[in-house]
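As written, the chains take the letters A, B, C and D, and residue 1 is the first residue of each chain.
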Amino acid sequence: MAYNLLKGKKGIIFGALDEKSIAWKVAERAHEEGAVFTLTNTPTAMRFGEINELAEKCNAVVIPADATNIDDLENLIKKSMEILGGKVDFILHSIGMSMNVRKKRVYNDVKYDYFIKTLDISSLSFHKLLQTCFKFDAINEWGSVVALSYIAAQRVLYGYNDMADAKALLESIARSFGYIYGREKKIRINTISQSPTLTTAGGGVKGISGLMDFTERMSPLGNASAEECANFTIVLFSDLSKKVTMQNIFHDGGFSSMGMSLRAMRMYNRSLDCEDCPDVE
Amino acid sequence: MAYNLLKGKKGIIFGALDEKSIAWKVAERAHEEGAVFTLTNTPTAMRFGEINELAEKCNAVVIPADATNIDDLENLIKKSMEILGGKVDFILHSIGMSMNVRKKRVYNDVKYDYFIKTLDISSLSFHKLLQTCFKFDAINEWGSVVALSYIAAQRVLYGYNDMADAKALLESIARSFGYIYGREKKIRINTISQSPTLTTAGGGVKGISGLMDFTERMSPLGNASAEECANFTIVLFSDLSKKVTMQNIFHDGGFSSMGMSLRAMRMYNRSLDCEDCPDVE
Amino acid sequence: MAYNLLKGKKGIIFGALDEKSIAWKVAERAHEEGAVFTLTNTPTAMRFGEINELAEKCNAVVIPADATNIDDLENLIKKSMEILGGKVDFILHSIGMSMNVRKKRVYNDVKYDYFIKTLDISSLSFHKLLQTCFKFDAINEWGSVVALSYIAAQRVLYGYNDMADAKALLESIARSFGYIYGREKKIRINTISQSPTLTTAGGGVKGISGLMDFTERMSPLGNASAEECANFTIVLFSDLSKKVTMQNIFHDGGFSSMGMSLRAMRMYNRSLDCEDCPDVE
Amino acid sequence: MAYNLLKGKKGIIFGALDEKSIAWKVAERAHEEGAVFTLTNTPTAMRFGEINELAEKCNAVVIPADATNIDDLENLIKKSMEILGGKVDFILHSIGMSMNVRKKRVYNDVKYDYFIKTLDISSLSFHKLLQTCFKFDAINEWGSVVALSYIAAQRVLYGYNDMADAKALLESIARSFGYIYGREKKIRINTISQSPTLTTAGGGVKGISGLMDFTERMSPLGNASAEECANFTIVLFSDLSKKVTMQNIFHDGGFSSMGMSLRAMRMYNRSLDCEDCPDVE
């Protein structure tokens, strides 16, 4: 399905690593919906990923950028405006990384250099991007900026570590800058709080498969896929959501509004009823 | 602009009174987006409003129904399925009324017959509609139901009276039934929390113009119009929001995320600084 | 432990059925903390319960009242002021009942007479109580009113049925009336959202034991007991919480802020890993 | 009034600058309630403030510490345990500072060194404190930790700048560490979201007096004072709130639950109605 929802619109998409990435799906869908855009990722991610394949498919230029580096961001913004022939209409921020998670430092024994790096990469990068765009007046009136978040910003999930705090900070930055950018330029800024998704990045989180079974059973519509997330992102980029701003919208099959479902309770109760199962603490 | 977002989809739209109504705008937009639907309102509202004009414009049949009356709802559902040739894909619930507001009973001196009537008309009607649809299996898989709400469900606004409680109940019913309908039929149920809107119905709320100036100045994008609300409603009916359910989404120019804006503070401070103004309590 | 936190304070306590009731524990603790109060419940509840035993222990008079009946409430308020020698300082509302739950009508097949009765008993009774107090100017300045709620007001829990909607309505009424009563009389109104508790009333909810194991494992401090809830209620009645109003405070060992805990995940994963367990849907 | 609520309890109080400080009031009240504790602040704050006067009044030792410095925190924790004769039962974190605010860098033109410093001082310091306590096993079972927050964590207030994001991060850290510390040691961690308060620190925020008039008029009980905040903090340190954890509790006279009050609307409308007032944008 394609509706020409982004016909004539220009954008920048961060964070497409490989075809499992949500950003990858957003790029594919934005292309189908008539948008032109540049793609960006860190040089490292570009080496390991397959972004050039995506770029070819979408007729997009790839501009490497470390999203924590202002010079890189300035270069990205300026080049994007050159290539696209003017200001952009939408931006996707899909960036997150925790060295504490990678190095298996638990939350009560984090390294603070890592913690600040987590915040810089996963949250402040969003502010840096917005401030750079603001400086260059790089977004058209009624443009739309979306960042991807996760319910860990509101509720603690075992093992999500300092990424939870980074997502809370990210959502706060979306609100804070959403006020400024809305007031000054009629530009909206929102976050989408997506179901846990088996991307190459998300796959690294400890115990993700048990959690995904639980969220699948808790969510009346099941976990949302990367494709579905891309569809909803397109909506937030389109002219049909012009007055939605400073919001965090849950795209999660209903998980965030559940306390306990029948299907999850059945699976849980099976463990309770099991007499031969190994003891659990 | 039209995108064929609802091409081939069938629906039922409650609550179009006259061309200021949000439901009216939703009907117009749904028609433009390729949907076919029936329209419904109470016999009284139909007498005072101009729904037949809308029906003609949209090629829609009007079926009168008191949304608190199960027989009426059963008739509406059955006739709609007959006319539309099968199950529906979307429903809009835009219904609310408080006799306590109309009769100027303040919140600490309500009449309880009125209070129950407020809840029955503004909230239970939504449950009755859903239960009737469920009974007749009247909604297709991946169908979408939307009810219109207001931020009074979360925060107290002077003069909104028992309608605030009715909206809180409405949003709860959306969650509760959203779980059942999601689990059983993959159908999603959401509410849109819309800016104060100068509809014929909304216009009756006391002091609405001062409040609307305030919300306009507080919201970085300004108050959302009925047309804009209709656009976002179309999105929630479309296939692009399949995994959003049990949510209350603020469509309000950012108001719900604001504590104090520069523009509202300036207006407020002018009053503070005014030496010749009449005293206020 | 006793601190004289309610020394010289007068109150009314609704809903003590037997010694498992939260209201019972609140009465005991209020007595220990130096308060005098009246007790009330419906005639039926009084017949089945042991409220007279509690009354004796606390030197309290019992005044029967159906909390949905204005005459009964007027009688209760007037008699309480007579007996206690003046206005009251605190009131506990601990009332809830659903005929749909009792008669095993599922949420998508409720009887609407029952639904309205659920709302009348569990939610409107709170408004009726407050409106009656307001009419008789029955609460001292800086008085405190507390109603007991449950997280089902925010999140769907399988089987909680129309009680979820009733709790959402209850919390909204607390906010709405909290504004009026705060503005006019400096009286605060809050709800406490308590862990699932094995009271005689709460015990009737379907599948409560599996759910309580889950919430126990999800909550870092475990489920909160009735005694602990009583302690926190005393705090909200005391002069130490004078500026807390219109809030719903979670007293739940942390459950409301959890997405997934290690301990709950272990129990859940045991079911996932079990090869000999019966199939679950 | 004093109730012996903290009799036998030991603690550490951060952030008392002068007698307007909330932390100062908490120290006075904790002393009255029977606690013993150490006081701490940065060397700079100690030079400008009057903490020694407070220390004398409360029989407390002052231990200077930069809360972003692990060595200082380790020294503080170890010395406190020595002086107090064992583990502590409560800790107050009342720390916040933004160089962007001080240097008048607006939110869309912040300096990122300042931003990280804001987060380090106002938010990460809380994590560092908790991680250091965890490492030295410095808090008794059922101990209580409180940090002071502000509604800017949820809603944008003009001029609050990166402190808003810092408070969102602070509240997230309280939840994240609250899970760990609850699970491992039965220790609770909460934040209190206090009304704007005219402390020496808070007084620096731009336009605070107009805002405080607005919040005073919006809040049905008026703004909460530093003394009142201290009283509620005592409650959270006491044994009466044992099962409240990972919560952000609004202590704000009801402000957070208000959309528009009669009193604020009157003041606002006076500006709307003023014909001789200067124009505002």
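FYI, a contact is a pair of C-beta atoms (placed from the backbone, for glycine too) under 8 Å apart; a residue touches a chain by one contact, two chains touch by 3 or more.
If you're wondering where the values come from, they're calculated on a predicted model, not measured in any experiment.
Any chain touching subunit A that also touches subunit B appears here: C, D. Using the average of C-alpha coordinates as each chain's centre, B ends up farthest from subunit D.
Interface comparison, C-D versus A-D: the pair with the greater number of contacting C-beta pairs is C-D.
Residue numbering shows that subunit B and subunit D use the same positions for more than half of their mutual interface.
Per-chain Cα centroids separate subunit B from subunit D by 40 Å. Subunit A and subunit D have Cα centroids separated by 31 Å.
The set of subunit A residues that touch two or more partner chains comprises 155-156, 158, 175, 178-181, 246, 257-258, 261-263. If touching chains are joined by edges, the resulting network of the protein chains shown connects every chain directly with every other.
Note for the complex: subunit B touches subunit D at residues 151-152, 154-159, 207, 210-211, 213-214, 257-272, 274, 276-278, 280-281.
Residues of subunit B touching subunit C in their complex: 70, 106-110, 112, 115-116, 119-120, 124, 127-128, 130-131, 134-135, 153, 155-156, 158, 161-162, 164-165, 168-169, 171-173, 175-181, 184, 246. Of all residues in subunit D, those touching subunit C in their complex are 1, 3-5, 175, 178-183, 186, 188, 195, 219-222, 224-225, 228-229, 231-232, 234-235, 238-247, 249-254, 256-258, 261-263.
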